[in-house]
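In the two assemblies presented below, subunit A is common to both, partnered first by subunit B and then by subunit C.
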Partner chain A sequence: MDHERATQGIGDKALDGRLSRRRLLRLFAAGAAVPAMSLLAACGEASVGESGGSSGGQAAPTATTAGSGASSGGSPAASPTSQGGTSPSGPVRIGVILPLSGVAASVGADEKVAVELAVKIVNEETPDLALPLAATAGLPNLGGATVELVFADSQGKAEVGQSEAERLINQENVIALFGCYQSAVTKTASAVAERAGIPFMNGDSSSPALTESGYQWFFRTSPHDGDFSKAIMAFIRAMADEKGADVSTVSLLYEDTDFGVNSAKALTDEAEAHGLQIVGEVKYKANTTALTSEVQALRSQGADVLCPASYTNDAILTIETARQQGYLPKMIVAQDAGYTDPAFIEGVGAAFAEGIASRSAFSIDITEIKPAAAKVNEMYREMAGKDMYDGPARCFTAMIVLLDAINRAGSTEPDAIREALEATDLGADDTIMPWQGVRFDEKHQNILGGGIIVQIQNGEYRTVYPFEVATVEPSYPLQPWDQRGA
Partner chain B sequence: MTTATARPIRAIPRSWIALGVLALALLALPLVLRSDSRLNIAILVLVYAALAQAWNILGGFAGQISLGNAAFFGIGAYTSTVLLSRWEVTPWLGMLAGALVAAIFAVIIGYPVFRLGGHYFAIATIALAEIVYTIFNDWEWVGGATGMLIPFARDIETGRPTNSLYYLQFNLGKAPYFYIALALVVLVTVVTVIVDRSKLGYYLRAIKNDQDAARALGVHVLRYKLIAIAISAAFSAVIGTFYAQYLLYIDPETTMRLELSVLIALVAILGGVGTVAGPLVGAAVLIPAAELTRQQLGGSGNAIDLILYGALIVLISIFQPNGLMGLVQRLRHRGGPRPTATPTEQQATAREEAPMLGGYEEERG
Partner chain C sequence: MDTTLLLQALTNGLLIGMVYALISVGLTLIFGLMEIVNFAHGEFLMLAMYAAFWASVLLNLDPMVSLPLTVGGLALLGLVTYRGIIAQILNAPMLAQIFATFGLGLFLRGLAQYLWSPNFRTIERPWLGQISGGTVNLGGVFLGVPQIAAAILAGVAFAALYLFISRTRIGLALQAVAEDKSTAELMGIDSHRMFALGWVLGGACVGVAGAVLASFYPITPTVGILFALIAYIVVALGGFGSVPGALVAGLLVGLVQEASPILFGVPTTYKYAVVFALYLVVVLIRPQGLFGRF
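Our next item is the complex of A and B:
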């Protein structure tokens, strides 16, 4: 209003023009607000419907998925499990925090489908699948109780992860938390779980600090950066020793967040241990719009091997810039993340992704060796419209491990679940991963996991190392950019 | 500040009563909310209210739009956390140390930067905050990009996280955090009121309205700007310490990113720049809006919550260019007869009331 008054004084002409413009703006805004409101209402309704009437006691229409619920798929298929608010025989609720918006949203969405699939397999009878809890419906030791996931969006921010963890525990009454992809988010969210004394299961964050901080409620099924970096350097060493590759020097390119920095640290240690020389490190700002000078620096270092650590967008930009500048090392062995996201192959084009290798915990060709993995991937493809890859596979596995422990605990008491988790002893055939199994050490880190190296060949991720589980021979060296058919 | 000249005798007691009721309501809030997650939102509101209020002293009264206040916030968080994790210094002392470090830092950077006027000052603060961010991101000694985890204060017998006044950690319920945050907001607000009514406040407003005129009248422009930025930085740092102890994990991304600086300014601007209540109102509207839309809709993964939140900001900026306090004032005026003053008088009151962003007003119109 001060504004209005001020303009009134200037003169009638100005006043007229001003008011009509304001009126226009107002009309426009009102027009925009109405669909926004109806959208809000529609969304609220949709998610209430999805949660199968669970909103009886609580007025919190979150996007919960009961039973067989891909949010896109037919959700009413699951039995409506009439839970009278406080009745103890209600579904087992687990809170899942993932980056559903922000730069990692694509991975977050895929991981969401993966954990939904894990829950679907547990909730429904899936007799022809040799995984824990698949054959039965629900959790047999809890009277066949079904599992319900409550999803929350971290936006990839640590403080949002904390807020959402708080809400899931206090308002959604989840008995365990799961997530959160980015290590920084996992740190704050797992601190909330530690404070509340409920189990936190992680399958996809690789910062070693997570299991080093002495938390009593945090469990991780995946190898961390240290293990993964060992696999990368061992692969490069083996290429030199056994496959006659002429490689001895390494350049590191990494983004400046927790993930990139930790990865570089671990790679530096492991390079030394494997007799490889790091000739240069280039750190860049995550989610950058240009990597020109960084790639120039890499070219001037002239190392045989490039080890990049980046999320998807940066990974695509790296390869595009390298192509434009004609920078080509003999090998590229990446630190997972963006380089194992199928969107990376799409982004740079299969021809230019050819030959790039990355560490991973999962590769789609594992389905050729493990029938369970093939079946799970088939089901995943039905829900997500694409093959499983590293992140979703790790989340799927972690969710199965958590649910298996809850079932063995035979109770939803936190202490019982923790004891069951600590007693976890799954064999190689109980997971879809190329692991020996799942068993936690005293820090709650899985000691039977391990990393593999995948290489993009003919537009697909193929396992090339360790050589004994490889499905194809590694190709060496990288083909010059201009000799590749686009 | 709302007690106008009209009815001083009745207006003052009424506002005191309102304040008393508000204070009681706030004190009872943890009992009403009961759930820690709802209390979490209340604490976030208080944190951003305090941050916006601290920003307001520099950006509102002195008219120096800073888009780098997250740097002060981060310095506060880091100072206390480093002292705690290296030398076991209680965060209460760390809080004061952080305030001191941030204030000194603010004065050192303020000295050259205040020579820049208008937009250039804002740009310089962005650049400086990014420099600070980058330094902390690369500084191994303070954890670099990995950040620093603050270990739990644990019960010696059970090993469970527990409450500890010395370590400023309350793991058995969030009510203590709420009351500390509330005390911080009251503290910053009281300081703001004091600044508002003191000579300093008049000097700062004079600087905002016309720096050269103020200088011609003998106001030591640079000195008062430096005082304003030092106060602003010190309080931002105090809140930074509190926030670090609340999250128990800090990294440059969480405490210093540009988005945070923008959010601090946004809360104050949408609330009502240069008014005492504006930042508080802004935080009370914006933060729950962001939290609640995300809670209700974020899990679906289609980012509708962010669209709605953005729409809210756009709507406020269209209808209330002077912030939500403008709305409050308008509602108050609606009761009485419409003012029928002459244009010159209107202009005068408008200039007096418009607590906007100094020279920015004309360009926006």
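Our next item is the complex of A and C:
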């Protein structure tokens, strides 16, 4: 009897084991299939986004006119239902969404310091700095109210950015949103702000589609990839016409999210406008383990100039692979992002980064001509332990613009802030950027911003174009990889 | 079609495939032994890469010199993980087992970001990157020296692992436990020691992979996610618990990823899609994977 029970027990156990084994297998297969599917879906999404983006761009003008008509008629009715107003006595709360973890976390962390610095300058008296709100403590028109930032981590994912935007608005009661670096994340998060009727300020996403979609609550201080692409192609043209560079053909390499796809579109348009020929383009899966086949494709295209649009990881990998596989165009002019992250120079080594150019909105040598930029950079270096670069500088500027508008609005009501943002008129000396200032057009895109071209020389980013503001002569062509002293 | 281009793609595929295989073998070994999926495997790889990085910064040791240290450290990590976490949940419900390693992975990733910042790190001037400028040109086919070294080391590690498992008494005991734990215990094999050994070996393999990868891939706290995803595919494709399966599947994934753009004109942005499609087809036809036992 006992014996029988024992064998039965063992049998049960064995059966259990097999069952769990099979269940585990199935679960594991399902678990592996989910990322596989999402990857496939992401690929599909990117190509859909391409066509969707262009149609959205065409539809934008009508949407804007219809929207502005509705807003002028409907704003009094809208204000009572609008959410997020805080009591004027408490601090002014602003939600900031950044990639604080994930692949872009290094840039996210630096941009977090930049916006914290902007708020510190506004909240405290910083008399020897010629920027809006620096001399006073707090927001004078709101009774000296201080500003409080509520940070949220997007992990660099569009869906997380969206849910964090909802949380910040509904649970944290922020009066405005700010962020989010990756254009794909900014797209979903700004859609949430648009539905809720909350101002959304962006300084560091460059996909043109973000302002082209005619949102009523979205504002961007930084130039977009259309302007930046114009700067890139104008630079290449000028190198050919004025500096005797023998360049006429261009290859594009770009990652497959909103940033890369929209940048490629803008670059293609601008290349044509500047009489340059795009001989090939290579789109790749962002965050990849290897870029060897992509570099192979570029090598067989044999263009004079390579224009890559990549985040940091892929930018490092591209140059390492190009070096190993003997791919060397005459010029590399990058679409910012990974190529202006200081980690890029460290990653590939100063010798191999030498001569690579990128568009940018900020370069550290701006501090030589703008005293405010020098002072801000000094404070930034104290907090972050490194010099300011493009992304943090753009975020800093956008935050100052937003806080300036909230102060001028004298209220935390969304409609009042939006009106104040629309009335923004800052001059060249009110920002740390090499811009004419900040003024928004009807799509809420800053029309006084502009792009510069920086080139890595002796391990530092130096401004080389426009030639009027250049601090050094551009070098041409790129030196062969094996003739560089490593 | 250009033959040089194809040859280049095939060699690239083989080289990266060996690295994939080496990363995956630890995962498949542990699974074959105790049917636990180590969801922290990618983070083990990340820690191995950081170990190589910090050895180069603090001790001024090239990743190739500090290789034994990295391997030893990761083997120890495997042992500690087994004794501290896995041994406690051996008989726990499956979900608890999944979340234990998954949680460990999240914890390690967060810890790395907290301790070492999310910045991209790269090892300055690794030896492998110095030898003949870091690249070899074989009649128009370019091979990266670090990648060649990685492939060779992966081959050596595989051979050693295979010999250990199939030729030594301990290796046979390991196989016996994987085959049938209860019977092996009746034969006097201490299954807990074998489990611990499995984790040590798994950690050591991913330690080799991390040390070689650190010579040519940027290091961040999230670097493991990408490679772990590939490793799960490799393990499922090759067959759960099969060491030769991991090798074949790793090479297959590398080859498909690199050659499909050249052979079939697949846009490079879809190269992983082809890999996953291959995986789905194999799993539909042979749910146990290419070399799976069950």
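Definition applied: the second predicted complex is superposed on the first by the 400 of 486 C-alpha atoms of A that agree within 3 Å, B and C clash if a C-alpha of one lies under 4 Å from a C-alpha of the other, contacts with A are read in each partner's own complex, and residues count from 1 in each chain.
Quick note on the criterion: a contact is a pair of C-beta atoms (placed from the backbone, for glycine too) under 8 Å apart; a residue touches a chain by one contact, two chains touch by 3 or more.
Please read all numbers here as calculations on a predicted model, not as lab measurements.
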Partner chain in contact with A:457 - subunit B first, subunit C second, else both or neither: neither
First (subunit B), second (subunit C), both or neither touched by A:112: first
Partner chain(s) touched by A:158 [first = subunit B, second = subunit C, both, neither]: first
Partner chain(s) touched by A:257 [first = subunit B, second = subunit C, both, neither]: first
First, second, both or neither for A:424, with subunit B first and subunit C second: neither
Touching partner for A:195 - first (subunit B), second (subunit C), both, neither: first
Contacts of A:187 with subunit B and subunit C, given as first, second, both or neither: first
Partner chain in contact with A:297 - subunit B first, subunit C second, else both or neither: second
Partner chain in contact with A:312 - subunit B first, subunit C second, else both or neither: second
Shared subunit A contacts, counted only where both subunit B and subunit C touch the same residue: 25, 29, 32-33, 36, 39-40, 43, 100-101, 105, 108-109, 256, 283
Footprint of subunit A on subunit B - complex, ascending: 35-38, 40-41, 44, 137-138, 144-147, 149, 151-152, 159-161, 171, 247-249, 251, 253-254, 291, 294-301, 303-308, 311, 314-315, 318-319, 321-322, 326, 329-330, 333, 343-344, 346-347, 349-351, 353-354, 365
Subunit B-facing residues of subunit A, complex: 1-3, 5-9, 25-26, 29, 32-33, 36, 39-40, 43-44, 47, 60-64, 71, 98, 100-101, 105, 108-109, 112, 150-153, 155, 157-160, 162-164, 166-167, 169-171, 184, 187-188, 191, 194-195, 197, 207, 209, 213-214, 216, 256-258, 260-262, 283
Residues of subunit A that touch subunit C when the two form their complex: 10, 13, 20-21, 23-25, 27-29, 31-33, 35-37, 39-40, 43, 46, 100-103, 105-106, 108-109, 256, 282-285, 287-290, 292-294, 296-297, 300, 312-313, 316-317, 320-321, 323-326, 341, 343-344, 346-349, 481-482, 486
In the complex, subunit C residues that touch subunit A: 2, 5, 8-9, 12, 16, 20, 35, 37, 94, 98, 109-110, 113, 117-122, 124-125, 129-130, 133-135, 137, 142-144, 147, 182, 216-218, 220-222, 226-227, 229-230, 232-233, 236, 240, 257-258, 261-262, 267-273, 276-277, 279-280, 283, 287-288, 294
